[in-house]
Structures are given as structure tokens and as C-alpha cells.
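What follows are several structures.
Shared between the two complexes below is chain A, which pairs with chain B and chain C, respectively.
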Partner chain A sequence: MANRIQKAVPLMMILPGLLLAITIIGYPIIDLAWTSMQDVSRFGKLTGFNGGANYAEVFADPLFWGSLWRTGIWTVAVVGGTLVISMPVAMILNDDFYGRGLARVIIMLPWAISLTMTAVVWRWALNGRAGLLNATLMNAGIIDQPIEWLATANTAFVVEILVGILVSIPFTTTILLGGLSSMPQDAYEAAVVDGASGWDQFRHITLPLMKPFINIAIVLNVIYVFNSLPIIWVMTEGGPANGTDILVTYLYKLAFRFGQLGKAAAISLVMFLVLLAFTMLYVALVSRNDRDDAAPEEEVDA
Partner chain B sequence: MTSKLTRSLIYWAILSPLVVVILFPFGVMFVTAVRPREELFVYPPTWGFTEFRWENFSEMWVKTNFGGALLNSLYVSIAATAVALLLSIPAAYAMSRYRFAGKGAYRTFLLMTQMMSPIVLVLGLFRLMMALGLVNDLNSLVLTYAAFNMAFTIWMLQSYFNSIPRDLEEAAWMDGASHLTSLVRIFLPLAVPAVVVTAIFTFINSWNEFVLALTMMRSSEDFTLPVQIYAQVAGRYQVEWHHVMAATVLATVPVAIVFSWLQRYLIRGMALGAVK
Partner chain C sequence: MTHPFRTSTATLALSLGILGFVPAALAETVVDFTVAEYSSKTGPYFQEVANAFQAENPDIRINIEVVPWDTLLQRLTTDVAGGSAPDISIIGTRWLLDFASQGVAEPIDGYLTPEFKDTFIDTFMAPGVIDGKTMGLPVAASARAMMINMDLYDQAGATPPTTWDELYEASKKIAALPETFAFGLQGKEIETDAYFYYALWTHGGDILKPDGTSGLDSPEALEAATLYKKMIDEGLTQPSPTNYTREDVFNLFKQGKVGTIFTFPMLIPQIKAEAPNLKYRIMPFPEGKAKATYGVTDTLMMFADSDAKEAAWKFIEFAYKDEWREKFDMGEGFLPVTKNVAALPHFTEDPDVAGFAAGLPYAKFAPTIANWEEIADVTVRTLQRIYLGQVSPEEGLKAAAAEINKIRGL
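Showing the complex of A and B:
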């Protein structure tokens, strides 16, 4: 009896949180799956099963394919750009130099600010008439006419990708720093004795040992970036003429502007499945790293 | 070996473009927030302005209903943090101190919920809140923020709990204290710093959230700060940019200072926790 109570204690401790998570995160998924197979009125009333009609409508919609294509570009460009910048930044921040504390605080700063506020400030900074980016570039003699950054879809999308990279750097750098700080120093010392150059050390020691951290940084960033609404929503709302729409902005418009709830539910479910695939990849990576941790001595000599 | 000074100069030179780009929006924010309205749209655009117009802040406070949105944000963020912690502390304790059936599955479940983003579920959540009668009710945000933050709070707390030695609790059990007594009297006081740090990060996450607040709050007196500031910009023919920037300064700078002060704890928690 007492034994059984002992066994129930940890379960009682996790149960309340589990119930909240199942209600708030689990139930909507089921509701979306159900809704996506129904005819839905503008006001959210389900008016009958329609099989795959919502999905057929989504897959026949050129705006869906356009948004999907841009989601791919957005994700690859932001995640790739972030990684290329964060790696050297993390290596610098891991080394000892004057002002390192200050440098860390500055690099982490974009993380502290909500994406919405960052996007609002950039929307103003990029203003074609009075924006201070134009002021800066004109003062520096780089341009002589103000540029309407957000008025055409191509420039707007490029600018949004750059802002996306900027706000992703702190998180990525943090993960990479965690990896770098656990690097074995003796491997580098041995390499120096063998006459390896800095680049050789980077390619043959740092990069292979950092691989698990780089993988996790990529997967987590893909998940976050693929889902990120505020930057594009605040700066251009997917416009002009749907030219900067990605799946989340298109989904949001369908659901809350155009009242096409069945179609929006179908897109949500497609996105959920993509997200699920990446999440499972993440879980697999994390548990593999846990196993590697159990035998840490092996890799050092390699 | 290069000297530390040379190395520092090289490093700062490499970092400088990034530092400039990071600080640029802060410069834009301050310079716009304090400049007179009539100097917003001058040609050619310029950083300079003639006087510091501090009244922009008090005007903005009244015109944008900043105070109301601030109270809404405070209520939602504090309540969501409280709910998340209340549910996470026992769960994290269980994860840190007990073996139980289904622990591995629960860990996977946490990782999955951590990755679920509100935007993918937003339509389903809206329908759920409709059914519960919580649309236009700040408590809908309290519940959703608590639920979406819980995975983060549990693994963050767990990674700190693991670093609190078990010996003290075990000694208390030897002395005949019940598990509950040892938890309340011995463990929790030691865990206070971890709980405070986790609470602050949950607060900041809730404070900054946009999509759910935009969706669930339909009338302007219920807006939280990010939505209120967004509403000053979106779909308006004339945007009062000096007010908008004054509002972003007030809404972001206190949070940014606290975050900068505490970021090393976040980094440590992440190094100890699930990301590792």
C-alpha cells in the first residue's frame, strides 16, 4: 500500500501540468484536424463533412504554392545566414579579450526585445521618405536617393530576411558557445605541436567536435524561423500583393481576415505535420547526444 | 603568440559591423522618441534634430492608452508566470528526484510541446477559447502562455534542481521528516534562485508574445503592449512615429536591462539542460 502511494507521488506531481498542456496544446490539434475536413461558415460553424475538399482547394491555390516557396527561401536564408555569422562570433566570444563581457551583452541584446517591437522599429527605420537607414546611407555617400525599401516585394523580402538573421544570432551563438566551452583544450595543444595552422585546427578539430551543436542549432532554428510571424507581419503584412507572404502569414490572413476557416485549418494541419517531422528529428538528435555524453572519452583522441 | 591587446583590437574590428547593426535600431528608437513632431519628415532624412522634446513621452502615455496596455501586459505576464511555475516546480522536482514509469515518454512529450508554436495552432486555440467563452478575456492568454512556457520552465528548473545535492534531503528523511516536509523546508529554500531566474525568463517571454494576444484580444482596451504598439502602426494613414518610438522605448528598455543582467543564467541553464 505504502509502496503504491510512493509510486504515485511523481505521477501526481507531473499530472496538473500535463493536463494543462493536453488541453491547450493537444486539443487544438485534434480540433484542427476535424475542422480541416468540414465545410465551415465564416463564423466558424461546421456545416458538414466534405472529405478532402479543403485540402484540394489548398493544393490548387497558386498563393499557397507561392507562400510555400517563399517559406523555403525564408527558412534556408535565415538559418544559413545566422549560422555563418554566429560561428565566428561564438568563437570570438569564447576566447579571452578586453571587453568580452560588453561584447556578449551587445550580441545578446536582440534576444531581449520582442520581435514585434524590433519589427516596428525597423519599419520606421526603413521608411522611404524619412527613415534613418536612408539618412545613414546618404550621409555615407553610398546612395544619393532615398530607397523605398518596403515598397517592392523583392527588396522588402531581402530586408526581412536580414532582420530575421539579426534576431536569430543571439540564440544560435548561445548554443554554439555551450559547445565551444566544452571543447577539450589538449586536442588544440597537440595540434599546435604538430604545426597545424588555425584553419587546419578549425576544419579538423573544431568543426567535427561542434557538429552535434551545429545540428541542434540548425534544427531548432528551422523550427523557430519556419513559424515566425511577427517580423513579416509587422513590416509588410505579407504584401505588397502577397509578394512577401510565407505560410504563416497566409494562414493568418485566411483565418482571421478572409474567414476561410476550412482552408486555414487544412494549411495549419499541413504545417503541423512539417513541424512534427522536424521536432522528431530534434528529439532524435538530443537523445543521440545524451548517449554520446555517456562515453565522452572516445572522441578526444580522434 | 599575439598579445591580448592586439587580439582584442582584431576581435572588436571583426565584431564591429554586427555591433553597429544591433545598436542601430536602438539609436533610431531614441532619436525618434525625443524629436519634435514637425522634424519627423524632413528631406533629406537626417539623424540630427533641434531639441529634446521629452513631452513626447507624456503625450504618448495619454494618446496611446499606454497605461492601460501596460497593466494588461503586467497582469497577463505575472499570472502566466505564476501558473507556469506552480505547475512546473513539482513536475521538475519529480523529473529530478524520482524514477517513474513513463519518464522517458514524458521527457519526449515536453520536448515536443516546447517545439509546438502557437501560430500553427492559432485557429484551433481561437476555437477552443470561443467554446470556453474566453475570447476577449485576458485569462485566455494566461492559460495559453503558461501552457506554452511550461516545457521551458520544467527543463530549466530541472537542470538547476539536479545541481542541488540530494544529501540534505536524505539526511532529513533519516531524521524522520516526510518527503513533503523536506521538500518545503529544505529543498525549496535552496531552489529559490533557480525559481527566480526561470520566473523572469517566463515573464519576458509572456511580455513579448504577439500572435496570440493579437488573435484573442478583439477590443482595444484589452490589448497588451506589443499589440497596442502594433495597432498604432498598422492600417493607419498617419502614424505618429515619435509616439510609437517613445512607447517602444518604455516597453523594451526595462526588459532589455533585466535580460542583459540575467543572460548568463539562461546560458548556463541551456548548457546544463535540454539543448546539451
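Showing the complex of A and C:
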């Protein structure tokens, strides 16, 4: 009995927080789900239940599937690119060198600027005739004709992914830097004694120990990037010809330009479910791996 | 330990605050007015009108909120959905039908006295009338026209064109000049479709056929789109139009790099401020089979669930006094919507303004139909695909017309 109460105590302690979270997160989702099954006027008045009509319309819409596909590319490319760049950056910033404080500030600085502002600056920089990027490349002799970066969907999307990576670096570097600075130094010393090269140290010590931090960086970044509107919206509004639309920009157009709030609600719910499925799958995968990894150690402890 | 002094001061401050605040709040009627931002002058201008009005009517307070055009519709949508709509707002007339059909807009016939109604130019009143009810007042109007860079035309030895064939020939000469583009073609974001309607209308086509179906699959539309595409392919436009918004094209013109653009009167004050040495001329759109220009009006709308309609109307009548209208139209570069202002010398004698106003007798307006924004988006998407060469004009326009007919339920 006492044991059972003891077990219930932690649950009771998190209960208020849990309830609050359920109310704050759950209520909008339930409301959204309800809206997505209704005919909705352009000003958000529910005008009648229509079952799955909104969903049927969404799934029959080629622009939805195109946007979903691009959302996948966008998310994988931005999150992957960010990690690949942030890891070495974090390792460099973790080393002790003259001016490290300044270097850290410079890396973090873009974080202080809103995404929209960054995107506006890039939109100007990428302008075909008056943009700084073309001017720089032409002065450096790399190109001899200005390139219209945002004129076709392919180049525009690549450029947007690069900007996406750029703005995700500060946050990711911070997480990884936190992990690196908490790492035990004696492991490295032992490895050096055993004759491990720099790559060996990275491969067999840094990476495994950094796993929890990399995992959290992946999950959080996927959630942010998947839902990120400003970069694409400011630079191309999903155009030209919907060629850079991801789900969230398409959704924004549907809801606030065309006033199709029911269809938009259906897409948001689909987006929520995709993210939820990803997060649950990923967390399950990670914790199973952790259990596998941890098993032998437990035996040693025993 | 207590702090008698602090407590009593706090109480005093609190009661003063309450005493000071409550009577004022009770006596005041607040009118929330959402203003679309035409330029940096818009906000200060309306604040000035509001201040002058409040000086005469101390019991009414005008609460002005300036919202940029790009986010205005979204803002009003969420305001209405959230039950916190303003009392009056400036909106694009093309949205009025949606507002009216959903019961969001208040018919104003009951407030509109014959004398007040008579101050407006009838052409501009008409788009605000839906099913016989006046749903809003024209607040700003513009007509579009062609603007050419005279220096470039002289240098190239080209004659200012009056027909599409002449424009094409002149463009060939101008494109031969170094670092110069002959024809500025917009292909990105807001009003990309309008840039095409200019050509569509002057070729004799229309956005909707008489039977209400889309006019994009008409031979006139095909002719217009084919011409634009041909000009892109032959290097007569700036490269990659799909990267150029309206403002980007106008900027090229201000820099003196482009020979011909299609534009609105609001560009004139900008040119005077930013490129005073530019020699330009305003001309009617080149003709194909018809004369046409695009007339655009914005509407001042009252919301049906406003609780300050009387006060709001009082303010509206005040704001339409000649002195204020004159200041507004001059400041923003609009064409006047009221008869008295239209009669002022500036609007009859200035060649720039007159050049734009000349088109008004044959101006076309965007049709007041439901789902207009979505239809415009289909058009823009199709044009972009044609400009990029992803689809042939014929195929693209046909598909777009079918899609638009589907949206219209036809």
C-alpha cells in the first residue's frame, strides 16, 4: 500500500502540469479536428457538418501532394544540413582558442534576428539585378551574368533550404555545444594513450556520447522546420507556380487568401498527425536503441 | 510590519485612476478604424483627420489601426472570426462580395443621404453596389496606363507605341541598346494577373465571358499570352520575369533600365522623389482590338456587428470633406473619387494625372465574384508556368479556364 502511494506521488506531482498542457495543447487540436469536419465560411463561422468532405478535397488536390513531397525534402535537407554543419562548428567552438568568446557570439548572433527579417535581407541579397550576392559573385569573376536565383522553383528551393540551414545553425550549435562541454575529458586522454586518431576519437567517443544531444536536436529541428513559414513565404510565397510551396505555406494561402478554412483545418490536422507520428516513432526508436546499448552496462553494475 | 504610507498612496492612485478613467470611458464612443497602408503617409494622414474630427466631437474617439495591404485580408478574416472586427475598414473592392455575402458588411443605404451620395463620381460608386444595396464607399481609385522612358525611346529611335505591333517593334529597337530591357514584365506575387489582364482586355478578351465562364480559353487570351511569351523568348523583357514583382519592375524603370512598363498613378510621386531626372511619358495601353484600362477601387466598409455605427458614419462624412479628400488623393497619388476634388486644376491639367484619368471612360473593373482571390491565384500560377516554359500558352490557359470554371461551380 505504502509502495503504491509512493509510486503515485510522482504522478500526482506532474498532474497539474500535465492537465495544463493537455488543456492548452489539446483544446486547440480538438477544436481544429471539429472545424476540419465542417463547412466553414470565409470568416470562420461553422455552417454545418460535412463529414470527410474537406479531407476528400485535400487528398484529391495535386497541390497538396506536391507540397507534402516538398515538405519532406525541405525538412530532411534543412535538418540534415544543419546537423552536418553544426557538429564541426560546435566542436571548434568547444576547443579553447584565443577569441573563442567572440566566435561564439558571432555564431549565435543570427538567432537574435527574427526569421522574417533574415528572409527579407536574403530576398534583397538574391535580387537578380540589384542583389549583393550577384554583385559579389560577378566582382569575384565567378559568374559573368547575373543569376535570377528566385525565378525558377528549383534554384529558389535550393536557396531557401540553404537559408533554412543558416538560420537553424545557432540553435543546433547551442544544443551540441552544451553536450560537448559536459563530456568527460578522461575518455579522450585514455584514447590518446591508446593511439586513437582524431577521427577515431570522433567516431568512437564523441558521436556515441553525443547521441542524446543529437537526438534532441533532430526532434526539435524537425518540428520547427516542418512548420516553418517565414523563409519560404517572404522569399517566394511558395511560387513560382507553387514550385516552392510546402504544406504550411499552402495552408496559409488556403486559409487567409482563399478563405477555405475548413480545408486548411484539415491540412493542419494532417500536419499535426505527421509530426506526432514522426516524433513518437523517433522517440521509440531512440529509446529502444538506448536500452540495447545500456543492457550490458547494467549487467556489469549488478 | 505595514507600510501605511505606501498603502494609502496606492489606494489614492488607484481611486484616482478609476475616477479619472471611468467617466471618460462612459462618455466616449470608440470607433475602431482599420486603415490599409498605401504608403508611409497613410497612417499620419488618417490620424490627422481623426484628430480634427475628435476636436469637433469630443465624445467620439477614433481608434486607427494601420495594416499593410499584404496582411490586411488575413487580419480582417481573423478579426471577424474571433468576434473582434473593427467598426469600419478600408478593403479591396474585390473582397467586398465575400464580406457582403457572409453578412459581415453593413448596407449603408440607410445612412447615405442624397446630397452625400451626390459627392461621389458614379463610376466609382458602382462596384460597391451588390444586389442593389450599397455595401461600401469608394475610398481610393486608380486606373492603369503605360509609362515609357523617353530617353531610351529617343536613343533607340523608337516611336512611342499606340498598338501592340508598334510596341513590339519599338521593343526590338530598345532591346538592342546595351544594359537595357525593352519591356518590364511582372511575373511574381500580387497583381501578376493584372499585368496580363491589360493585354487580355486590349486584345478584346475579358476575364469572364458573357455566360460567366472563364475567358482564359478564348482566342484573345491565347493571343495575349503568346505575345508575352514571345517577348520573353526574344529577350525583349527583363530576363526571368518570374523573379520580378510589381515593385521590382518599377525599380528597374526608376533606374532607367527599362523602356516600357504598365503602372499606376502612385508611381509618379515615387519617381519625382527618387528619380527626378527620369524623362517619362504616360500613354494609354497599346491597342489590339480594343481600348482598355484596369480601374481599381478600394472600399470603405462598415461592419454589420459594429456597435458604433452612428458615430462611425459621422466620422465617414467628416473624412469625405473636400479638404481631406484633396490632401489624401494628392498625397497618395490617387485619382479622385469625389466630383469636387476631380474638378481641381491638379487633376484636370497635370499631364501625368490626366494621362491616367483619360482611361476612366473605358476602364474595366475586376469582376465582383465569389472566390476571386483563388481565381486570381490560378491565373498567376498558369502565367508563371507559361513564362517559365513549363507549359504552352494554349494548354496552360485551357487548363486554367477549366479550373476556374470548377471553382465558380460552372
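As a working rule, the second predicted complex is superposed on the first by the 249 of 302 C-alpha atoms of A that agree within 3 Å, B and C clash if a C-alpha of one lies under 4 Å from a C-alpha of the other, contacts with A are read in each partner's own complex, and residues count from 1 in each chain.
By definition in this document, a residue touches a chain if its C-beta (ideal position, glycine included) is under 8 Å from a C-beta of that chain, and two chains touch if they have at least 3 such contacts.
Values in this document were obtained by computation on a predicted structure and should not be read as measured data.
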Superposition-derived comparison: chain B or chain C, residues of chain A touched: B
Touching partner for A:G81 - first (chain B), second (chain C), both, neither: neither
Chain B versus chain C as contact partner of A:G44, first or second or both or neither: both
Partner chain in contact with A:I216 - chain B first, chain C second, else both or neither: first
Partner chain(s) touched by A:G66 [first = chain B, second = chain C, both, neither]: neither
Which superposed partner A:T118 touches (first chain B, second chain C, both, neither): first
Which superposed partner A:A151 touches (first chain B, second chain C, both, neither): second
First (chain B), second (chain C), both or neither touched by A:P184: neither
Chain B versus chain C as contact partner of A:E237, first or second or both or neither: both
Touched partner set for A:F258, first chain B, second chain C, both or neither: second
Chain B/chain C common contact set on chain A: 44, 127, 129-130, 237, 255-256, 261
Chain B residues touching chain A - in the complex, by the definition given at the top: 4-5, 7-8, 11-12, 14-15, 18-19, 21-29, 31-32, 40-47, 83, 87-88, 90-91, 93-95, 98, 100-103, 106, 108-109, 111-113, 115-117, 119-128, 130, 143-144, 146-148, 150-151, 154, 179, 204, 207-211, 215, 226-227, 229-230, 233-234, 241, 244-245, 248, 251-252, 255-256, 258-260, 263, 266-267, 270-271, 274-276
For the chain A and chain B complex, residues of the former touching the latter: 7, 9-14, 16-18, 20-21, 23-25, 27-29, 31-32, 35, 44, 85, 88-89, 92, 95-99, 103-118, 120-125, 127, 129-136, 138-139, 146, 166, 169, 174-175, 177-178, 181-182, 216, 220, 223-224, 227, 229-230, 234, 237, 248, 251-252, 255-256, 261, 264-265, 268, 271-272, 275-276, 278-279, 282-283, 286, 289, 293
Sites on chain C touched by chain A in the complex: 73-74, 77-78, 80-82, 98, 102, 104, 187-189, 238-244, 248, 251-252, 257, 371, 373-374, 377, 380-382, 384-385, 387-388, 390
Chain C partner contacts - residues on chain A that touch it in the complex: 41-45, 127-130, 148-152, 236-237, 239-242, 253, 255-261
